[in-house]
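Each of the next two complexes has chain A plus one more chain, namely chain B in the first and chain C in the second.
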Partner chain A sequence: MIGVRDLDIRGHLDAPILGGVCLDLERARTLAVVGGSGAGKTTLGLSLLGFIRRGMRLAGGEVELEGRSLFALPERELRRLRREAIAYLPQNPASSLTPTLRVESLVGERRTEGSPSAEQLLESVQLPGDRAFQRRFPHQLSIGQQQRVAIARAIANDPGLLILDEPTSSVDPTTQQVLLALVERLRDERGVATLLISHDLPSAGRVADEVIVLSGGRVVERGGALRVLDSPADPYARALVSASPDIAAGQPRTAPAPSHAAPVLGVDALCAGYSVGRGRGKRTIHAARDVSFDLAAGETLALIGRSGSGKTTIARTVLGLHPPAAGEVRLGGVRVPPRVRQRDRPQRAALQLVPQDPGRSFNPRRSIGDGILRTIRRIPALRGAAAAARLTHVLELAQLDPALAGRRPRELSGGEQQRAAIARALAAEPRVLICDEITSALDTIVQRQIIDLLKRIQDETGISLLFITHDLALAHAFAHRIGVLSEGRLVEIAPSGQFARRPQAAESRVLLESAPSLSRTLAARRDGTPSAADGDAVSGASRNAASGARGNAGEHAGPDPVSGRSA
Partner chain B sequence: MSSGLTYAAMRMASAIATLLVVSVVLFAAVDLLPGDPAQQMLGVNATPERVEEVRRQLNLDDPAPVRYGRWMWSLLQGDLGESVRTGGPVEQIVARPALNTAVLLVAAFGAIVAVALVLAALSGVREGSRLSNLVSLCALGALSVPEFIVAGILIAVVGLELGWLPAVSLVPIGGTPLDRPVILVLPVVSLAIVGGAFGARLIRAAVADVARMPHVEAARLSGVPEGRVILRHIVPGAIPPTAQVLAFLVPFLVGGAVVIERIFAYPGLGSLLVDRVSLRDAPVIEAVGLLQASAVILAFQAADVVGFLASPSRRTAA
Partner chain C sequence: MTTLAGHQLREQAAARAARLRAHPLRPSVATLALSALLGAVVTVAVAGPLMAPHSESAVVALPYEGSAGWFGTDYLGRDVLSRILHGGRPIILIPVIATALSTLVGAVLGVAAAALRRDDVIMRAIDLFAVVPSILVALVLFHRFGAHPWVLTLAVVVSSIPFTTRFARSAAHPILSSGYIEQARMIGEPLPAILVRDVLPNLIRPVLADAGLRFIGAIYLVAAAGFLGFGPPPPSTDWGSMISENIGGAGLNPWGVIAPSLMVLLLTIPTNLLADRFARRVAR
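Moving on, here comes the complex of A and B:
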């Protein structure tokens, strides 16, 4: 149905983006293109629409859809094909919705003769299809609902070819399950061919018939999904598979028996909130409620929870960046002032943050070496040769080539930016490193490298880590203990091994069941049964859809039985 | 639409409050102009007794707040007072020039909107194209030239050298500029060249901001025809910032018209204002100033209401 022949796309200064890529996709088949960031996956997906982003050019090869070469077609004809035959769901689907159009226009705009009605389309993605819902604008929907409207919009033209670009990386787990189930149904009922671009191997493993592994713009391995994901032959493909976090296959980190007699960091009955809205609509969101935990020297404590569970607010409050409503933070048993401005230099040095988006936490106009030196001058207050020596030392600790210190943030890869942010935090000689979702923007291989780096630094320096993540498999493999947050409450805190075997709180069980696992997915496919987690998540989706209200309906819907019990 | 009405009512209230503040500033500024109005009315040869008598007649010896209160009170009753230089009610003195200026400004504003929207749409939708860069460059060039120079060149070349259009825009006595529309051409073009350049540049930026958003690329990639991409996916999002830009053109035009009317001897509010400032005819100056301020305030309030109505997230907020 669609074929790619020797596709060669070049970027700035003729740098190759894609080289010699070939693929064929037949009706009712699903092909997954997997690979790390920068492998050229998105460029490949867009080329199947006959589109090449500005700054890139076609250097050779062609894309044929039902015998017609896309790059030879005039723009008008291409638009017609995209309108009638192809569905494309971009990365970050919610941002593809035009804010001034109502749901009915967004979905209706792409309907063609013979398409299901807008109501049916919305219901097929587990959204209410009624008139009131169709009259809404995107800002009146929760982010999960926006994502599902984007999916309904994409498939509204009853397509023969479906192109999904990283459909699972930015969507919530519910939408993820809705989408994967939809791909299977469209394939079985309408013979839709799907190209799934992803670095999420468990999702690819669930729906793909075939897998192509892309690295540096070249295909390094291709074959049946089960074979490639189970026993890849190419070294890069092997690294990709083994780096995929897997709650079922992974070993929990064994505790070095950290002594809790004198914890480095103590957090006691911490409450924090912020107000939203104005005037009569003003209300307070309680982001942290009565949170207590301590952290021993050399220990890693993971705080996990869904978005909106209060993870980042707790980190900011501990750092003194957000005013607590109640409770206290202790360093080495001594209470520290709530606001960072009131803390003295050693107290500030002791707690250091590695932020979620390291690239943006450096001044874009200055080199990252400058950024790290700024910390060195301010906190250990070193100058001249001593400062330069410290810079070299922390760069080595973070395994970042000192030659890169002269570069500006955007001249570094995502992994290098993250290492630079770690080096900057280490420059203050902290006792606790607070890492806020530091791996979520990275592909799995780089993610694994960063985790290995943090483990090594911890072994060498005995530093403690507060590791905030939504990825349970990662927390399980890296942390000594795991704390689960739900609506601002710490509902469970337990050693990793024990947590995975015997979760206590209901929220913990939900997180465990929906944690991605390549080995579990592949095993389920061999047996021909969908895994239990899928079934659960889908019924959860319909519950969410039924509640349907604006805002984060799913997250703030009534009292949580778990938090009631743990209080 | 009730939220729209509430919003418009709130804007109206704030417009009136703004206008009150402006009236105080205006009154104070006119009051602070050097020279004694009574002395100026009577000329240098008047006796001190006569000056004193006129001062009393005009209540000039009352404290400024009292005089402001009296002026505002009669203003609210629709009485703008009488000219202290030529006599006669201010309403009559101002009416005809106000009409003439309104005709000039509406024509110039229409020309600017037409030129700016077309240029901005052509260049903003496809950012970075050759046309887009050319428009930007020309706009910058036109923007750097003051309107009186543009007017001077137009008069010299089109009016005098070529003789195609009248170099002076005299309105027939008792008629309106629309009786001889040809006299409007040069003043309108002088205002529109600079204003259009200014507007095109800013509207272009507003459209380009929207065109760069991911939902526009997504619309193109989902096969939406280009006309619909522009009309449904780009233009609605660009309306609120564009309304603000157009509102900014109004003070520019009101100020520009003062100069342009003078140059073309066009009998509008600008010409009247210049005459009466040199005559120190306070009631007329204040009336013209209030009219100009009202036009500007009204334009900004209208832009806010348009922006409110055109943005679903504000319109539907609780």
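Moving on, here comes the complex of A and C:
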């Protein structure tokens, strides 16, 4: 149906973005393109729309849709194809909704002859299809609903080809399940060909027939999904698979359980909220309710929870950036003032943050080294040669090339920015490092490197870590204890091993069940039964039948349609 | 495996840095041409009195004599070219001074409003000024204080400040809530240090881009004031005043009107385009 031949796309100064990429995608097949960030995945996905991003150029190769070369088509014809034959879902689907259009127009305007009705489309993504819902504007929907409206909108033209760019990285678990089930159904019922771009291997492992591994713009491995994801041959592909967090395969952290006799950090009955709206519509959101926990020296405590469960507010309140409504924070048993500017220097030094978006936590007009030196001058109050020595020391600790210290933040990769942020936090010689979703923007290989780095630093310095994440598999492999947040309450706190075996709270069980696991997904597909990971509320029966029917499709596909050769 | 991926990342970062270095913000041909044109007009305006063949008050021929000199004579028989060369200074100096003042005051007020969070008081007061048309402000001030250049400057400053303040405030807002300000607060950096090290360097480019657009507004206001008869006291003149002085004889010597109008356009159009380019570059 769609074929890519020797695609060669160049960027600035002819830097290769894609080189010699070939692929074939037939009707009713799903092809996953996996790889780290910067591998050229999005560029490849957009080229299937006949689109090349600004600043890049086509240096060679073809993209053929049903025998017609997309790059040779006039713009008008290309636009017609994009409108009628192809569906594209961008990385952040909610951003594709025009805020001034109602749901009915958003979904309706892309419908073509033979498309299902707007109502059916909405119901296919588990949204109410009724009139009242259709009259709403995007801002009247939750984020999860917005994402699903965007999906309904994308497929409203009854496409033959569906291109999904990292569809699971920014959506909540429910939407993720809806989307994956929809991909399977569109393929089985309407013969839709799907290109799934992702670094989320469990999702790819669930729906893909074939997998292509992309690294540095080149295909390093291709083949049936089960084979590639289970036993990849290429070293990069192997690294990618082994770095994928896996709740079923991973061992819980079994370091010596630190003693809680004198906790480094104590949080007692902490409540925090913020008000939204103005005037009569003003109300208070309780982001943290009565949260208490202790953190021992050398311990890692993971706080997990879905978005909106209060994780970041708790971190900010502990740091003194957000005023608590009640409760207290203690350092070494001594109560500290609620606001950071009331705290003295040792208290400020003791708690350091590694933020979610490290790139933006450095002044864009100054070098990374300058940003780290600022902490060194302000907190340990070192000057001159002593400050320079400390800078070198923390860069080494964070394993960041000292040559990069002179660069501006935007000149560093995501992983390097994160190392720089860790170095800056270490510069203050903290007792507790508060890490707020520090891995969520990184691809799995870099994610693994950062986690390994933090483990090593912890072993060397005996620092304590408060590790905030929504990724249970990661928390399980990295933290000594796991605390689960639900609607601002800490509903469970338990050692990692015990937590995974015997979750107590309902929220813990939900999180455990929806935790990604490549091994579990692959095992389930081999057995022809849906894995426990997707055993939630999504149209159970119909999907059972679907996955049963094609359980082994990937393995017995005969001639490999990806490469055109025998697998 | 770790070294492989780490190595690749480092290479990518190095390539990215090399690309950034290889493509500094090199001005385009159009930008250079516009700058040259603007430079020429400003030179004529500033150094004009030295180049003028006659003084601004010398009568050289009959009124509206089209054939005398380059652009003929004006309503009193004075050389239009000489008056053009003499009349450029006020129309450039007043907007330059006024724009500098209003940008400075606006930046201080705007950052203060953004930093203080409870900025309602400052902004509501500012809004009161914003709704009064600038030409009205100028006319009222002229009525009270007379048509001195400093009154005109004051009029431009007063009518610009609401806009420069609003702009500086909205530019400062995202900076003040950014991660790096938060980091600075966390290590206990005092507010003045944060303003100087973090806010100012990131604010200066957007504010300068806005100042370019304000400058054009100021030129229009000064030209309009001149046209309405509030230019420099006679026999001094500016290009706006010249247009109104000579409009009665436009049929006899059209250059008396066309020449000063052209000069205003040659000043504002390149300034406008350059400010626009600069603003777009800042936005990127």
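One rule holds for everything that comes next: the second predicted complex is superposed on the first by the 534 of 567 C-alpha atoms of A that agree within 3 Å, B and C clash if a C-alpha of one lies under 4 Å from a C-alpha of the other, contacts with A are read in each partner's own complex, and residues count from 1 in each chain.
As a working rule, contacts are C-beta pairs under 8 Å (C-beta built on N, C-alpha and C of every residue); 3 or more make two chains touch, one makes a residue touch a chain.
From a predicted model like this one, the values you see are computed outputs, not experimental measurements.
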Clash or fit, chain B versus chain C on superposed chain A: clash
Touching partner for A:Pro355 - first (chain B), second (chain C), both, neither: second
Partner chain(s) touched by A:Leu46 [first = chain B, second = chain C, both, neither]: first
Chain B versus chain C as contact partner of A:Arg153, first or second or both or neither: first
First (chain B), second (chain C), both or neither touched by A:Arg82: first
Chain B versus chain C as contact partner of A:Glu109, first or second or both or neither: first
Greater chain A contact set [chain C / chain B]: C
Superposed model, chain B segment overlapping chain C, candidates 63-71, 135-143, 189-197 or 279-287: 135-143
Sites on chain A touched by chain C in the complex: 12-13, 15, 36, 38, 215-216, 235-236, 238-239, 242, 319-321, 340-341, 343, 345, 348, 352-353, 355, 357-358, 360-366, 371, 374-375, 378-379, 401, 404, 407, 411-413, 415-416, 424, 428, 445-446, 448-449, 452
Residues on chain C engaged by chain A in the complex (per definition of touch): 1-2, 4-6, 8-10, 12-13, 15-20, 22-23, 178-180, 182-189, 197-198, 201-202
Residues on chain B engaged by chain A in the complex (per definition of touch): 128, 213-226, 228, 232-233, 236-237, 310-313, 316, 318
Contact set on chain A toward chain B in their complex: 46, 49, 51, 54, 75, 78-84, 86-88, 90, 92, 95-102, 105, 109-110, 137, 139-140, 153-154, 157, 281
